[in-house]
Every structure is written in C-alpha cells, then in structure tokens.
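In the two complexes below, subunit A is the common chain; its partner is subunit B in one and subunit C in the other.
This part shows the complex of A and B:
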C-alpha cells in the first residue's frame, strides 16, 4: 500500500479546503470499508491524502424534519440506521435494505455516504488490471467473467454494476441529497447522484461528486399515505456479497388501486435502475396477485446481458413478481 | 515494475481436458502423448492410465432391463485456508529461527536445512497456530521458505513474506477437473447388473496420474457401490494439461469423484423406481469378516444410512421431483462417502514398532510428558494446530489415562523444535492415530511409573492402588495416599516419560470410515435462489474423544464441502481459454457459517478398539458426500438435475426455464 497522509478537519468548510488543495489526489475518509480497501487493492484512483470527516460533528445524525421527513447525516453508520426506531417507523423497507448490506461487522464501520459513493467491486479492477477505472482502456468484465459484478443492461465504458444497496432503496422513496461545495450547498435527487459510469474530473466513477465536494446529507420525504414498500436481494453467499439482483419497490395504494409506483433494480446495471415502464404500467391498476405476470412481461425490455449474466435478468424479474405478490398479499 | 519490458512467445497449450484429449491437441509430453501411461498401466486398455474390472460387462448389460448413461463434470476447486500464507525468517549468526505454517515442523526443518545447505540443528522451526492448511496451503507456503531464509541472510535483517489473499489463491493445489461417465444397467427389481465407469482427470504438470494411476486411490472411489455388482469395469485416464497441479486439498480426491457416484445412484434409483436410500442399501458394500478386499476393522455402511435416514426424517421425502405445490419447493437429498479413517501404525512396545521405526525414512511421532513439582503435566508435541484443536483431544487422553477428571492439570508445549521432541507431520488423519499413539504410550508409561513409585512409597501392592485427580490411594486403606506432586518432588522435581508411534505396516489401511450426508434445501422457483435448510451428517467415527472438537470439525467439513459444491474456480471465464484465475476472492466466493444450516451430528461408534483406543477420522470421511447430496436435494425440490459442477442459481434458473416452471 502506498504512503498516505491523513487530515482530520473539524468542519466541512475546512475539509473542502483540504480537498481543493490536493485535487484528485485527495479523498474523503469516513468508515474506510471501501476507501481503505481501494488503497490495499492499489487502485490507481485511490487517494494519497485522506480527509477524515469522522471528527466533524454535524455529519452523523438521524432526525425528523419539519415536514415529517427524515434527514440523515452521511457519516451515520449503517448499523445506526439499522437500529433507528425513527427509520423503522417511517421507512421499514430502508432498514430492511440496510440490514442486507454486507455483515454486522462491516455495518458497524460503514457509513451511509460511503455506501452511496463506494467504488465498484469488479474483480478485475480490484485485482489490479488496467481497466478504464484503473488507468487503462479496456473493460475486462465485458469480455471475461461477468457473471456477478457486471451489467446485464448494457454499459458505456465500464460495465461494472453499481454495488450499493442504500441508493437503490432510497430512490424508491424519492430521496434527495445535499452536497457541500466550494460554491455552497448543492441539491440533487438520489438518481442524479449515481447515474452510472461517468467521467468526472478526469476519472471514471459511478457518482457525480467532484473532487472538492462532500456529500453531507440525505433527505427522505415524508412517507406517502397508503405506501407499502419491499426490498429483496439475491446474493451468492449469506454475508458480504453484493447483489446479483435486488429490487426496491414502493407502491402508493388507495382502496387497492396503485396511485404511484417506484420500481428500482439493483445489481444488474451500472446504476440503480428505475424501471419506469413498469411504474407507468402499475399506476391505476388494482393491486392483485395476477398483476405480476403482466409486470414481469414488460420489465427490463432493454436488457443486454453479457455472456454469463443473463440470469441476472431472470432473477430481477423473479424479484419483481415476488415483490408484487407480497404486497398484494398484504392488501 | 513499469520499467520492465516483457517479451514472450505464446506456445500451444491445452488447459482443459477437452483440449488435451482432442485429436489435434498440442503435445505436452515430448511426443509421448497427453494420456499418462506408466509401467502398471493396463495393456488391454491402451487408452487408460489404470483400470480394473470384474465379470463380463456385455453379459451384465444383456441381463439388464434398464440401461442409462450419465456424464458428470467437476470443473475444479480449491480448499482455501482462513489464515494468510506467511512466514518469517530471522538469523542470529549462523542460527536461523523460522516461523512457518504447515502440518509439521521437523520434516519441514529438514527440507529447509537441505535447501540452505546447513545442518538442521542450526534451525529453530516454530509453527503453532494455523487457520487450517488443507494440504494445499502448506505447500503454497513451504515453496517460499528457502527464499525467505536466503533474503534474511543476505539483508542481515528479519524477513517476513505474506502472500496477499488473492495471490495466495493461485499458489494452492487444486481439486482437478474431472469428467466421469457411467453406463449402468439394472434389472426391474433395481439390482444393478453392470457398471461401465470412465474417469478422465486433468493432472496438470504431474508425471504421475494422481488418483488415476494409483490403485489405492482409484479403488477408494469404487468400493462403496461395486461389491455387489457382478459385472463392472472402471477405466481411469489421466491427462497432462496446462492446468494448475492437483494435489491434497482437504480430502484426497473425494468430492470431485464422489459427486458423480452419488448423482448417478440417485438417477438410477429414479430410473428403476426405488427410493434413493433403499437403492443405496441394496448396493452398498457390507464387508464380511475375512473378506480380503475390505480388510477393515469396521465398515458400518448400513447403520450410517439407516440411522441417518431415521434422524433426518427421510420417510417424509416427496418422491416426485418438484412435486410440491407453490413457488418455494423443498427437497431432500442424500450422498455417501467413505475414506480411510486416519492412517494407522504401531506404538512403542508392539513388535512391529521397532522394525518400522528403524526403517529409513520412517514416519515416527514422538512426545514427552513431564510431571512437575507443581502437580501439572506438561505435554510436548511437535505438531502445529490447524484449527482442529487436536491438542485438546490429546490432552483429554492424557488426563483420562492419568486419572484426572478434567484437563486443567495438563499444560501444552507445541510447535517448536527447541521445545518439543521430534515428530513426523500430519496428513491423512494421522494426528489422533499416530501422535495419539505416542501420547498414549507415554501416558501409559507415566501412569505405570507413578503407580510403581507410589507402591514403593506407600508399601502397597500396585494392583491395589487407584489414581484420581492427582492423588494416588490404596483401594483398601484410604489413609494410605500420596500425590503426584509429592512423587515429582521426591524425584528431584520432575518425572518424565516419552512415547512414540510409527506409521506403516499391515495396520495402516485397516481403519476405514464411512459416512453420509442428508440435506434439505428450498428452491425459489421464481428466482433460482436456493437455501440450505437442514443437514444430518451421520458419521462412522469410532470413539469420540471430545464432542466439541468433533462437532467443530464436522461443521468445518460442511462449510468447506458446500463451498466446493457451489462455486468453481472461474478459470474458463476470467481469461477465456486459459486456466488463469489470479483475480481472487471476488470470483471465488467463500461461504461462511451463514451459508450452512445447523446440522445434526450423528456419531456411530462401530469400532471395537484393538489399538489403545478405537478412533477414526472426522470430517474427511464424509466430506465427499455433500456435493452429491446437495445436487440430489435440488433435483428432488425442483426437478432440475445439475450434472456439471458447480451447483449455481444460474443452472437452477436455466433448468426451471427449460421446464417452463418459473413465473
């Protein structure tokens, strides 16, 4: 592992100054469960100057806002989210999703911000191969073993799937984020935050946060009346592993009629994938057991599996059927 | 590194069995053909490395009412140790201290000394704890020892080498690619009349054929189901390939071959309309005393199956594959396995011991027991621990033989050539049998010594003394007592006895274990996901010395075998067409305790002890049963038969799709 320097700023402003000073050589350091592994994996894009934000007081909280929504500081541990009575009361599906992230040990260290902005877990990138994200001009996953960690929905340069579960769940709640930037606070939707592989500041990443910006807060709107939500995740092993396919679904139901829907797939694309065709289809329909066959038939029509990962699409469709079946059973 | 320019020429290569067996395959053996043949290869089967047959195969198939053919492919696996592969060398003048990892310290020290050209006495070799070695990992570590020692010498500083986990994966010996073909004939009543069995094994760069060229290993794969079949033939064909080298890797060739046998037995049971357990009971080998083919002290194949089926509730199995209604379908599966139950030998005092121990290269295990003036007994053994906690069981033996009711009075010194007497290394289940022989021998001598000293001190006949928790007393006069402490003190502070055991001789192969695994799984027919719900692991163990150690070993067995059954080295995928798989554990996903269910251990003690104590091995005996059991349970649950290892959600989903079963 290369030599690194660690700064411990006490304010967000100070942290931004440090990030600005070192450019893309610097990176935000919180839980370390992604960042330190990037360093250990010797990734080209791993920072040399770590700006440790753990000492910044106002980044670690879960609180209800005036409108009845919830704001979460991005240095909040995943385990704290999992244990939050407020989140359990208002967004049980989010807690369910958080509890499916890696292992209890990792959730004790990982932060919400780290989960949202984590590097992809392509085995070639982490194995030190010279791919797009590692200074090269090739995606090994597109031609090699793409069975688990690569997109079945096409790609641009890097075909690695977006690995986080929190974003997939939060999009289903229309969550938004706040970024501290040198020019002030910037707000984005969760979808805008993680649009898939993008060239940002001369490097490829899955999110749009620039080198001198800090993700500070996630804001979840108040739960909609009649909302029901589910999160499902398939992974090869019981702990640690990332989603082969996952689904966060939120339906707003009145008198068994679906008034609004969010259908978000994880683990199959370079970003958390909103399936708007299914959302549109579901709106106005009566929530019933026979809905799943039709929804599945129109889902993921643009799938473009690679050689070994067509099963991801089958699994994702199975999760859609499963989610709808569970929700109709509640109805 | 960036300054190094590499020029290379791509030579023809054959990394898979298919490539190595092709008519236009590149020549990997200097014109001798890629099929390995040796002096004992059968002349009448020029395309085989080894063969065995019985009866007339054509007649057997002529007598059959049902004939089926099956092909199973095991694509390769690795047993991965928990701990990193690392070692440290430190010189002090011409004295080397080396901290290594492996399965013994004295043989490794000798090899290191030979490589360095120094006398072995110049090396202090230390290895106490390992997170497991599985045979595969120790060799990955040992190949670097001379280099590490040399680097420490030339730099004049201690040198530590730790392989990153991903690089370690490429250093391990593997379970090789194996293709098994069966043609099986059976009568209407289910009785098998003929088995034609062909096994093709990739042996990497080995000059021998691994298990395909040594009858002992190949026969070990045959004896479970051929004894009652009148006509059968087994051909083993070992092919040189450019794949990594196979070798010991947590059981020697058990899973890769047993999974094909257990799948075949399940498929044939269905073909003749019999329950899989009943079909196995019909064909399982049931050795009779005096049968030279099965010279085992015990072989409780029927008990293992029947007791396992009873404990599992096999009678609740749905005989129709995928017959349960609904999305989530549950299924039962069974597999069997047999393996040597720990290589045996002789201990001091037996006639064969002296002859075997005096032979060149004899594998002698030694120990020393030292009673101190504080009343504690120090047990000195050279063998490192590799997660099995074998020393706990050994200490248990010493305690019991010296009359202690717990192990609190036993201290342990181990894994250090400066501290423990010479011993060979462990493999093949030799820790409890052969190190145990040395321990029992020493404990027996120490007990007799103590009683003799007490008899002299108390003026009591030795036969009328009892020993319990450090006190020796007369059985007739409770007032006549002395203590181990007093005896040690009277002898100048300590009383020592040594013991030895040796491997080999007629007894070596007498200890055969047999086991089974019953599993229940649940398949989600909408997503292809499956869960391992329940397992019963009936196991022919002999005497269980310590139940906790035994259970831990069996849990490890199930985790490891689940891994081997459900993931494959991704060598055909990561770099297509090659055997290159250096990417690491993101591609070879190891299970944890979360991936196996709480299991029921069922220990069957069939052994009449004839040598100190009747012990057999634990996990390796039945480890070969698991892959077949899981595959059979998946089939019973959802009707998808997986004949190409590994068992994955993709294959389940593909099978369900082909059936039109999923939503």
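This part shows the complex of A and C:
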C-alpha cells in the first residue's frame, strides 16, 4: 500500500480547504469500507491524502425537518439509519433497502455518504487493471466476465454498474442532497448527484462531486399521502453481495388509482435508472394484479446487455412484476 | 496518452461492417491458393492487404479493374454503424481533425463516402492510390500532409494487423471492440485504448484533454 497522509479537520470548511490544497490527490475518508479497500488494492486512482471527516460533529444525525421530511447527515452510519425509529416510521422502504446493504459489520462502519459516492465494484478495476477509472483507456468488463456487476443498459467508456442501494431507494422518494463547496452550499436532486459515468476533474466517476466538495446532507421530503413503497434486490449471495438487479418503487395510491409512480432500477446500469416509461404507464391505472404483465412488457425497452449479462434484464423485469404484485395484493 | 488532435479512420470495420466475400474473392483471383473462410470482413480485408504487401508488385490494368470492382461491391454490401454520423459530428464540433486513411482503392473510398458517411466530416481522404501503397502508407501520408503529430493521433482498428500498423507508424492504436471474444484476444496485443462504440470516441478525446490539461 502506498504511503498516505491523514488529516483530521474539525469543520467542513477546513476539510474543503484541505481537499482544495491537494486537488485530485486527496479524498474524503469516512467509513473507509470503499476507500481503504481501494488503497489496499493498490489502485492508481486511490487518494494519497485522506481527509477524515469523522471528527466533524455536524455531519452525523437523523432529524425531522420543519416540513415533516427527514434530514440525514452524510457521516451517519448505515446501521444508525437501519435502527432509526424515525426512518422506520416515515420511510420503511428506505430502512428495508439499508438492511440489504452489505453485512451488519460493514453497515456499522459504512456511512450514507460513502454508500452514495462509492467507487464501482468491477473486478477488473479492483484487480488493478489499467481501465478507464484506473488511469487506462479500455473497459475490460465490456469484453471480459460481465455477468454480475456490469451494465446491461449500455455504457459510456466504463461499463461497470453503479453499486449503491441507498441512492436507488432515495430517488424513489425524490430525495435531495446538499454539497458543501468552496463557493457555498449547492443543492441537487439525488438523480443529479449520481447521473452515471461522468468526467469530473479528469476522472471518470458515477457522481458529480468535485475534488474539493463534500456531500453533507440528504433531505427526504415528507411522505406523500397514500404512498406505498417497496425495495427488492437480487444478488449472487443473499448475505451481503451487491445487487445484480434491484428495484425501488414508490406508488401514490388513492382509491386504488395510482396517482404518481417512481420506479427506479439498481444494479443494471451505470446509474440508478428511473424507468419513466413504466412510471407514465402506471399513472392513472388501477392498482391490480393484471398491471404487472403490461408494465413488464414496456420496461427497459432500450436494454443493451453485454455478452454475459442479459439475465440482469430478466431479473429486473421479474422484480418489477413481483413488486407490483405485492403492492396490488395489499390494495 | 497525449491529448488528441486528429483521428484516422479505416472504413473497413471501423465505420461499417463490410462483407468478407469480395475480399476473399480478390485474394483468390490475385494470389490463388485455398480460399479463406473468415466471416469477418475486416479480417478478410487485412489478410488481403498482407498478401498485396508481400507480393510487392503493381497490379496490371485488368487486375486493377477487377480489384476495384470487387471492392466497390464490398462497399455496396457494407452497413455503416448507427453511431458513425453522430460521433463524427460531435468530434468535429470539439475541433478534432478527422481523416480517412484507407488501403481501399480511391474508387472504393469515394463510393463509401457517397453512400455511407458524408464526406464533409473528413478533412482529407487517403486511399492506397493517392498514398502509393497499403497498410502504413495511407496513415503516413495522412499524418504528413495534415502535419499531425503521430502521438497526438488515433487510428481505429479492429484487427491485430491494424494494431501492428498503427504501432509501426507511431500513432495511438485504438481497438474497436466490435466482438467481445475477438476484442479479448486483441487486447493482449496491448492497444493504446479501446472503445465499444464510436459514441464513446468524443468522450475519449475529452478525457484525454482533461487528463493532459
């Protein structure tokens, strides 16, 4: 492992100054369940200067805001979210999704910010191949074994899938985020935060956060009346793997009529993928068992599987069918 | 890799999928021997170029007519990739110089540009006729006449021969990963980079610019 320097700032402002000073050589260090592994894997792209944000007090909280929504500090551990009564009461689907991330031990170390901004888990990147994300110019996943963690919906240089589950669930709630930047606070929707492979500061990454910015808060709007939400995830090993396909779905239902729908797939694309065609189809329909066949038939029409991963599309469609079936059974 | 100023395109396999049969036919008629059965138009083409280069002789007028006619037939049977025109337009918009550097005859390249990809996308067109030979010669002519630095120039190819030629000229060899199994094999030849779709090429150029800024 290369030599690293660790800074322990006590304020967000100080952390931003440190990040600005070291440019892309620096990285935010919180739970370390992604970053430390990148260092151990000796990846070229791993930072040399770690800015440890764990000592910054005002990044770790879960609190109800004035509008009835919930604000979560990004240094909050996933286990704290999983144990939160407030989240369980207001957004049980989010707690369900968080409980499916990794293992209890890792949830006790991982933070919400780390889960949202984690690096992809492509075996070629993590194995030190000189790929797009590791200083090289070729995606080995596109031509090698892409059965598990590569996109079945096309790619943009890198074909690895976005691995986080929290973002997939939070997009279904229309959550927003706050970024601390040298120029002040910036607000984005969760979708804008993780739009898929982007070139940011000369690097390819799944999110838009620049080298001198820190993700500080996630804000979830108050639950809408009549909302029903579900999260489902298929993974190679049920204990702790990343999603081969996942689905976060949120339906606002009144008198069995779907007034609004959010359908977000995870694990199949370079970003949490909103399936807007299905959302449009569902709006105004009566929530009933026969809905799923039609929804599945129009879902993921622009799928572009690689050689070994077309099964991910079948899995995603299966999750859509089962999710709608469960929701209609409750109705 | 340096920031990129120009890209050289060999239409066969990089801008369009060509049929293999006309190239096999040319090889058999010019050089005899057993007919190759590769289904890949690119491989058949580069095999033919190897034979032409090894023979090191000028074609007589009747041979030349036959070759041109079969090459035009290949062009007529070729299907340009969907991503060619949008990718070339974007590359041109970001200031990348685009040149055709092909070992096809002038007649075949001209026909290709009339039929499949508008000529306006390219600042120059080099064929084996105006370059005076095949394989490396069209690339060298294109580089020289456009005053392009080879290290700042890409050549796209989907064959091992193409990669070799690019390296011999000193340009950045970029593998078109049209077929994953073939691409996996060709990745062992250490290309400078690789793309799955031409849509990725503008991002590639922008990334290099950013990394070299």
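In the analysis below, the second predicted complex is superposed on the first by the 331 of 331 C-alpha atoms of A that agree within 3 Å, B and C clash if a C-alpha of one lies under 4 Å from a C-alpha of the other, contacts with A are read in each partner's own complex, and residues count from 1 in each chain.
The definition used in the following text is that a residue touches a chain if its C-beta (ideal position, glycine included) is under 8 Å from a C-beta of that chain, and two chains touch if they have at least 3 such contacts.
It should be emphasised that the depicted structure is a prediction, and the values quoted were computed from it without experimental measurement.
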| item | value |
| --- | --- |
| Room on subunit A for both subunit B and subunit C (clash or fit) | fit |
| Contacts of A:311 with subunit B and subunit C, given as first, second, both or neither | first |
| First (subunit B), second (subunit C), both or neither touched by A:159 | second |
| Partner chain in contact with A:287 - subunit B first, subunit C second, else both or neither | neither |
| Contacts of A:144 with subunit B and subunit C, given as first, second, both or neither | both |
| Subunit B versus subunit C as contact partner of A:234, first or second or both or neither | first |
| Between subunit B and subunit C, more extensive residue contact with subunit A | B |
| Which of subunit B and subunit C A:244 touches, first, second, both or neither | first |
| Touching partner for A:127 - first (subunit B), second (subunit C), both, neither | first |
| Shortest span in Å between Cα atoms of subunit B and of subunit C, once chain A is used as the common reference | 6 |
| Shared contact residues on subunit A - subunit B and subunit C | 143-144 |
| Contact set on subunit A toward subunit B in their complex | 121-124, 126-127, 129, 143-147, 149, 234, 236-241, 244-245, 292-293, 296, 308, 311, 314-315, 317-319, 321-322, 325 |
| Residues of subunit B defined as touching subunit A within the complex | 166, 327, 524, 526-529, 567, 570, 573-576, 582-584, 586-587, 589-592, 594-595, 649-650, 653-654, 657, 662-663 |
| Interface residues, subunit C side, partner subunit A - complex | 1, 174-175, 177, 180-181, 183-184, 187, 191-196, 199-200, 203-204, 206-207, 210-211, 213 |
| Contacting residues of subunit A [partner subunit C, same complex] | 132, 136-140, 142-144, 155-157, 159, 199, 201-202, 204, 306-307 |
